[in-house]
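These are the structures in question, set out in turn.
Two complexes come next, and they have one chain in common, subunit A, joined by subunit B in the first and subunit C in the second.
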Partner chain A sequence: MEKILEILEGCCPGVDFETETALIDNGILESLDIVMIVGELSDEFGIEITVDDLTAENFNSAEAIFNLVNKLKEEE
Partner chain B sequence: MICNIISYLEYDAEKYPERVSLAGADISYTYAQEWSMVKKYGQAIAYRFGSENKPIAVVSEHKPLDIIFFLSVAYSGNFYVPIDPLLPENRIADMLSVIDPHFIIDNDDRLPKGISEKQRVAAQDLDCEAPQASPWLERKDTDPLYVLFTSGSTGVPKGVTITHRGVVDMTEQFCSVFGFEDGSVFGNQAPFDFDVSVKDIFISLKTGGRLEILEKKLFTLPSLLIQRLNERKINTLIWAVPALRVLSALNAFRSDRPMFLKDVMFSGETIPPKTLEYWMSSFPDVRFVNLYGPTEITCNCTYHIIGREDKLDRAVPIGVPFPNCSVFLLNGEDPVLREGDIGEICVSGSCLSTGYFGRPDLSKAVFIQNPLEKRYSERIYRTGDLSFKKDGKLYFTGRKDTQIKHMGHRIELSEIELCASSAPDAEVCACVYDEEKSVITIFYTGNTDSLSLLSHIRKTLPRFMVPKNAVKLDDFPKTRTGKIDRKVLLQMAKDL
Partner chain C sequence: MSVNGAYFLLFLLISAVFYYAAPKKIRWFVLLCASVTFYLLNGIKAGLYLLATALFTYLASLLLGKKPSVADGEDPASVKKRDKRRKRAILAPALIINFSVLGVLKYGGFFVTTVNTLIGRTAIPLPSFILPLGISFYIFQTSAYLIDTAKGKYPPEKNPLKYLLFVCWFPQMVQGPINRFDLLSGQLYAGSPLDWENIRTGLLRMIFGILKKAAVADALAPFVADVYSNYQSRSGGVILLGAALYCLQLYCDFSGGIDLLCGASQLFGIKMSENFRQPYFSTSLADFWRRWHISLGEWMKDYLFYPIALSKRFAKITKFAKKHMSPGSAKRVTPCIATFIVFLAVGIWQGPGWQNIAYGIWNGTLMSLGLIWAPVGARIRKRLNGRTAAVPLLIWGIIRTNVIVVIGRYFSNSSSLTQAFTMLGRTFSFAPSGDPKYTLAAYFDTFMTVRLAVACGLLIFISALKEKGIDPIESFCRKKWYVQFAVLSVCLVIIVIGIYANSNYVPISYVYENV
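And now, the complex of A and B:
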């Protein structure tokens, strides 16, 4: 989880990832942020995040992203 | 001859009253409905506020109704200035002080309180009895249609003033060169304070087409975006390059893909070869067009239709000029005639802006008499972009100054530096741009930490201008002449 927060904060400094739960729904993350985050997560954890994984539910909070990464890691 | 963009709407409403002209996620208007609203609001504006060619700010959050307000303002014989309410307050205040609007249309009450003394009106305020009138017919085609803002190196954004004539010219030339079909469906990506959207709005009017507004959120969730493109049978995309890059970087067409596409046109910055290759291999039957031009010449002045045989790993040319517009290279006051030699791109024609709103001093520096024309007066715009010609086609090579292109937007690095050095305890600031990674880094000296510096910048400048990294230095690397050595800084930024 710490690694994920570090990646998120590196991609979008200034966003409070620890408490925010509507990163997509409230438009806090923009499309280019998603590109950067998906790139870094894929490199860091050796996973493949596909377009079907890109849903609001999976990206609305750091915790949701954490759960997605874990799910994809198990599938590897 | 068409002298006012309202003519397009009047014609469409007469010819295709039942066609849907404008749609968003959950709302749509036919041409008849759009025309009757534009007429009603336009007449109310003229009746209540006059029709004397004045700037009217329209708070715009990328909704179909915004376009109806833009056209209503044009109908009323005034001109519109889109304002994005999500910009930092300081930025909005700067823009409002540049244009000093006659009044503000703020339908959803989105503008921060206290930012302006000007009267604000909503749709219901314009839903009043007003005399039948057509004030737009009193205007001439050299009158302004809109003002759009762009980054200014002096720290204040510049309002580029564009005329009806410029927009009619752009629209007619696009249609003559690309021959869009009657009733094309345009998928609008660009927000309305960004001039990429001007093409969608007016080309769809000219072609009796439908404009589908694609809200920003769709671009973070590509499968929903593709679903929308298919549900609404969108066939024409005139987008900024970063939007295409998002979809290629996320491999968005892995399972589903847009099925109705005919044309994909892009501008705003140089397209990365990988992005173009991804799109072109995903859509073998679609026409791809690279467009080039600064806001000051009404959208675009050159185009290149990408051939299937073009080598995509090389630079894509910006191509050849649109009809009714000259694009040529100057080196100082001298023409650059030999292929391969680099010069500054200069433009003349009906497309030229009338200059920066309220800033004749800034206008005078770049809108000048053509130095190659000694016999009569001809205005040209010096873009500051550098280019060379090869096999009759122009290629973009960079800038004369420190202006950059980032996330599709023009940014003066000096504007970020000026903003940063106004932060408490910041001293000298210098920005560099790593083009490969699209990252702005700011270096600074002074007694502040990087987070406070970045948060100061975030409060003042639009999001796309905020650097990704801030690095504190004890002292700047200097060149032999004692200037800040930006090459060394760039290398330091790349090594971060």
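And now, the complex of A and C:
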């Protein structure tokens, strides 16, 4: 989780990823941010995040992103 | 049939009467009949193109939605893989064919002209295709439907007539918005009950749309058209004014049309996707594109930007960038390139011609630079947060964005790249007027200026309300009857004067009607 928070803060400084739970719904993360985050996560954890995974549920909070990464790691 | 004319209002009235008189179960069929009638009134040939697209994408979607056959003992992962390959083998040619129709009809002439120019002779005769009404919109809409069906986002619609209604729902046929199947189809097929609130909201929105179009867009059109036609003899200042007023004209034309047609759709209890969110209040170019032509932006994001940016090829580019650049810069390379490609596509979508490609390059380059600049901007904003400088920074953001947008419109409304550059050159060299008889008063007499000022004042007031999160229609409906009467009277007077006080008034087609 710490690594994920580090990646998120590196891509979008100034966003409170520890408490925010509507990153997509409230328009805090834009498509450009998401692509940067996906690139970093894929690189760091060796997973493949596809367009189908880009849903609000998967990206609304750091925890949701953490769960997505774990799910994809298990599938790998 | 022009959607601005009285015939359209009559058409709406008849359709609404039949719709609400019909049993709920077959109301969708009334909508289909109305939509087909509307489209055929705009041309039989165009109707055939639409029908062909609807039939082709319907059959393709049925193939895409077919469940995979599973052999005894076959591993689920291998079934999934096989099904993915099968769907790709159907989807790719289906999309190519769908977009080829658009490509040939819309860009065939431009392509032939370019080839002939390069060769230096008329090797290929110039084709003359008809451009069916709303072709860009329905091709984009049906392509999104095919991609979503392939992904299993929703099952394909089995009833061909219901699917045809989704494709040709008449309020979306003139200039969009590009509706999504999962958001629109349920409303189309359900058969809405008669709800006076929907009728009232729909009618008010239609009046506002007509006000924008007739009192602002069409009033500015003659001046703007003169500037873009006679740019060689207009002064730099007049050209700048023409480009700036073109932005206002285009906004009132496009969003006015969307208001009119979303209002018309709401008469039947059907809410279409929103296309605008006060774009000229944007504080950055990225913000502008999130507020302008939203349904196209969302389409580009979901079906072009993400697939490109997350492709394996782009992952390789990121890896290469990480080896040769600082980590902060490397992670921005992929989004920058994908953004540039998307805006190039937006430029091409605008229409054939190098000036439109230049328009895409202008926006794509600035958006990409904005992404590179983003960390610096974020640091500045963080430092200024809560201080008095934050407000000037906001105002500066709005001014800077509007300047960028105005410069972009030198390209998008020109008929050639040379014209756009000549106009820019005359503006920035403060070129004097080449026509001593030319005067702005010919276009803006006192009467016209007052009318425009009142309409624009109303427009800014409503936009400011929306920006604050207040629904202007809801707020209007809560006012006393005499306030409502006064506001509606002012609107109607402006519309009527706009149309009838000008003996030369000719209703002008919507700018994006033939895109």
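One rule holds for everything that comes next: the second predicted complex is superposed on the first by the 76 of 76 C-alpha atoms of A that agree within 3 Å, B and C clash if a C-alpha of one lies under 4 Å from a C-alpha of the other, contacts with A are read in each partner's own complex, and residues count from 1 in each chain.
Heads up, the rule we're going with is that a residue touches a chain if its C-beta (ideal position, glycine included) is under 8 Å from a C-beta of that chain, and two chains touch if they have at least 3 such contacts.
These numbers come from a predicted model, not from an experiment.
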First, second, both or neither for A:51, with subunit B first and subunit C second: both
Which of subunit B and subunit C A:72 touches, first, second, both or neither: neither
First (subunit B), second (subunit C), both or neither touched by A:62: neither
Which of subunit B and subunit C A:30 touches, first, second, both or neither: both
First, second, both or neither for A:43, with subunit B first and subunit C second: second
Which of subunit B and subunit C A:4 touches, first, second, both or neither: neither
Residues of subunit A at both interfaces, subunit B in one complex, subunit C in the other: 13-14, 30-32, 35, 38-39, 50-52, 54
Residues of subunit A that touch subunit B when the two form their complex: 13-14, 24-25, 27, 29-35, 38-39, 50-52, 54-56, 59
Complex contact set, residues of subunit B against subunit A: 216-217, 219-223, 242-243, 245-246, 249-252, 254-255, 407, 451, 454-455, 458, 463, 468
Subunit A residues touching subunit C - in the complex, by the definition given at the top: 10-11, 13-14, 30-32, 35-36, 38-40, 42-43, 49-52, 54
Subunit A-touching residues of subunit C, taken from the complex the two chains share: 151, 286, 290, 301-302, 305-307, 309-310, 315, 318-319, 322, 327-328, 331-332, 334-335, 338-339, 371, 375, 378-379, 381-382
